[in-house]
């Protein structure tokens, strides 16, 4: 029957004219409508607030949280309206049949609006997350500038706290979208032999919500900043100025985006695998995305609920976190860290996936212990829901719980250790090529080991008494997240960007970037373990004068690390914008599916859905089959389509 | 990319999209369940701590009449929709459309009743832990319930449009009515269980 | 460039044996260095029973982490040097197609499981025998010192942004100075009047969150006279980084005379204080009237 | 190539400009420092007023400190420059009404010369407690319900509760700077500055209207109820 066929890729007619594109739904309208939405909803919120909380929220204070929160939600609605996200739901409400296709044409405009091509969304994600990564990195530079003096004077103390909060929140939120967004959306469909993600519109929505989340977070600087850091501890969050509303809404947007992107990836992997793509042949990167998605789908809703409670405390003056009125600050601690610990594995697992995916290519060996790697990732994902109270060892919760959480926390090092064994097995008698991606992967093991071993100190309650909440923790999670995830992400960018963009990336600049980043990363963060043990709490702008020399040294190293990131940026600009050297289809001689298709990848990915005949790690067996595209083979197009 | 134009792309069968919706609905339901788990946790946690002996102020008594009415409408809407879904397979399209409409009306009644209940509360959000949990739980439930209202409405609207076009719902595979309705059933039952939890905790537990 | 299989039949050195030897030597050198050379300098010193416990754990954990660190570093270094492709040749050579090895995987799992269970057991025993090692144990401590009944009780009150201290044994007098006697068990009751703070007496090895409406108990016994820093360890607002003070450890008799002088000096304000209580519930005013 | 190069350069310049805006208008945004008046004998005089509502842009209903600069003009800042190892004579005109302390421990005067401060009610009909108005009264402890604010430098162990005007007073100043004909309490005390350094000071009365525990907003903003003593 004719109507049974869903058009996946309509034949592309001529793209609308420039004026047509400009007047259609795009990010320009989104920005305009977001501002209008804020103003309208703020006005409305002011009216509502005056009715239900007249005496609590007198006009004139900037504590008119009902108006500000509603304004921020209004801007979300305006933003989505301008991008055209309400068109399809309205059509569905009118009973129109579902479709999978919107905004795909060959014009540059598709990068500035709702587009259902997963490769376009991935590139949007890459630019957005890297942009916010650099913004957050810049804030880190300012933090280190302040810390060159032991007694806070450079920036006003409140601004310093906002700086710390912006850096932390933006890094955490943008980096949790930083792999699953660009690389996940780009690679997962292609790696499993699909033409699309399961829900292309939701895919685009998550990307645009992530962008909005970044700007909403930055709007905190206009609303008085927020003093809570990325952990948003209540009741300080209840008490803070309106800048915290930006934090809450921004984090809520990221939470929603995480849930949706997780569902999308999981559904895609479950239902859209090509014939022959059995679970045993799934690339390890896809497994990493699957486990990350499980965490995102289950953990982020708890965060959303907790954020709702803070909003409720701030606007209608409920008392979830106010102990004098039947609430408790510990409720926030529990809910936040129930999300927060899976969240750190949302940040770690993609790194495992990238590293284990790249390692076989440059070791010229199959991934060693594939099943164990998958088991390890699932082990980490499962265990991460059972360890959160190690963040609360000193908080005065029931002391009898501690041995259990100490045990589970240490237990989680077993599945993590498996990843190391995978790496080592793969490197055994390998034929290593020291390309830039490979260097980043090797550095991942170096850094993540230090991060992991320092985690053992934090998991032991006795040792944690010293290190809890100090710069030791700060160094620990920078070793795992920056030394782990960001190094892996850099490796992934150098590895896949030629495929994604069609242009080669300069290897010499890449090596310079790698060596400076590796050296200055370690010189920046290793001394901070000592700073923590010697009594420097996190998020302070003033510290004991005896730690001054150490901090000045760290600051200088951090500035060098910042310069290294500028080399990276320069390399991207040079290679992708200025030089523009065409990349070949398979420059790394990989056996993985994404390298077997043409560069640049056509919008439909595969002329015909391929048949997978082996896993992508058949190195050492030159004839090991990986995929049958069928285009030159015997399968006729008509038969496949029937 | 125009170089690739003219390539014949084989179309995708509707069963893939059906599978997408089916798996996606279950995952979404699990996310929703974890969301409300936070409120259930908040209830028990604050009740156990009972800081300043202010978890349950004496005058914080949620009106059980409205609670029963809301619970009945939620469960009624879910059950009627499910019954209608079985008719969708039988080929009795008119009964299915009637059932989905009835379900939609009951679903809207939930929202209306919730709003009326808020106007009849004897307490405000600042009146202790239970009052906070009550307002947070019911309000967020209402938000998610609006999602269910939207979902029922799209299925019903699509079915109506199909009728006008002379298309039977069973044959309406391109519209994916059946997988969509299946997904909606999963979501409705998840919310139904959440509402039972809400009712027991907020109205019954002393 | 062409892709060629590895030439077989070449004499391979015994990589496994080489790595094991280098690892053993490196570990044998580094572990004693860590324990006897670096160990004594690892914070937080030996001023109290808590810091002694913490120091012992830190030395044990550092020493234990050395073999792991060496394993990874030696292996990585060895692999980078020995398992490299010949960059001069234009041919890409594949390594042997090894997929897995059950024995190695099982050994790895068992060894790491034993390590983890051992660590957890060690940590738990340590926690029980060291009276919570100075960490805040909530209102119902898991491990109490044997002389807890005769301990000096000191309430630590966090507020934005000042630490004050009440001595319930001396009429609940409140001061902004923390003075403690040497060689006597001390029982801290940490609480807060507004947001969450964390009481960190750095040189004492004591850390406990100050949570409004909650009582958080930590024990310490100090062995020498001297002074120590107190800092706030949980972000609490504008002056979080400045919420510090210096505490003093004095002899028992000096403490007695200090506390009696303080009681006399502060009598006028002590009569205005609320009765001593493990928690306080200030009105969560949003309306200053 | 040239067009792309120009585009890159323009983008780069725009980003630098954005960063500059960020630094100037957000990061470095804070009140200026004002020097105390230096007397002939080397001691310093600091004249302050505390108002219940600042009355001006950007936060008209926030409580705030103001300081008189050497030219006799009221300035809205809380960063004050003082000489090191010198006596500082402080006079505070306190125009706000009573709030009461959260921690009554801060009801005492600590760290001043003589351990006392001198209180005088001006145009203020009396205390809520029915006690007569203060008239050049030296006190070391005041009833904890009376303070409107405190002036506290924790690092110097200096703390002076600032008595508020009675709630029944009608002659209340609403816009800073407040002229002296409005009801106020005059508090004067002296303290000795330590060596050079920067010392933070704050108010300990939960006086921030509409913020939880009365401690948000102006209580956490330098320029209102928090500030720095730059001793040099």
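A, B, C and D are the chain letters, set down in written order, and residue numbers restart from 1 in every chain.
Following the convention adopted for this analysis, a residue touches a chain if its C-beta (ideal position, glycine included) is under 8 Å from a C-beta of that chain, and two chains touch if they have at least 3 such contacts.
Given the structure is predicted, the values throughout are model-derived calculations rather than measurements.
Ranked by separation of Cα centres from subunit C, the top chain is B.
More C-beta pairs in contact connect the chains of A-C than those of the other pair, out of A-C and A-D. Centre-to-centre spacing of subunit A and subunit C amounts to 30 Å, using the average Cα coordinate of each chain.
Mean C-alpha position of subunit A lies 43 Å from that of subunit D. Centroids of subunit C and subunit D (each the mean of its C-alpha atoms) stand 39 Å apart.
Centre-to-centre separation between subunit B and subunit D, using Cα means, comes to 54 Å.
Residues of subunit A in contact with at least two other chains: 56, 152, 157-158, 227, 235, 239-240, 317, 319, 322-325, 328, 330. Counting partners per residue, subunit D has 200, 209-213, 215, 220-222, 226 as the residues that reach two or more other chains. Each of the following residues of subunit C touches two or more other chains: 194-195, 213-214, 237-239, 242, 281-282, 284, 286-287. Pairwise, the chains that touch each other are A-B, A-C, A-D, B-C, C-D.
Residues of subunit B that touch subunit A in their complex: 1-2, 4-5, 7-14, 16-17, 19-20, 23-24, 27-28, 30-32, 34-39, 41-42, 45-46, 49-52, 54-57, 124-133, 135-136, 139-140, 150, 153-154, 157-162, 171, 173-176. Residues 213-214, 281 of subunit C are the ones touching subunit B in the complex. Across the complex, subunit A meets subunit C through its residues 55-56, 152, 157-158, 161, 227-229, 231, 233, 235-236, 239-240, 317, 319, 322-325, 328-330, 333, 363-366, 368-372, 393-400, 402-403, 406-407, 410-411, 413-414, 417-418, 420-421, 424-425, 427-434, 442, 445-446, 449-450, 453, 456-457, 459-466, 468-470, 533-535, 537-544, 589, 618-622, 624. Touching subunit D in their complex are the following residues of subunit C: 157, 159-162, 164, 174-177, 193-195, 237-239, 242, 245, 266, 268-269, 272-274, 282, 284-289. Contact residues on subunit C toward subunit A in their complex (touch as defined above): 1, 3-6, 12, 15, 42-44, 50, 53-54, 57-58, 61, 65, 68-69, 72-73, 75-76, 79-80, 83-85, 87, 92-101, 104-105, 108-109, 112-113, 116, 119-120, 123-124, 126-127, 130, 132-143, 190, 194-196, 198, 200, 202-203, 205-209, 211-216, 229, 231-242, 279, 281-284, 286-287.
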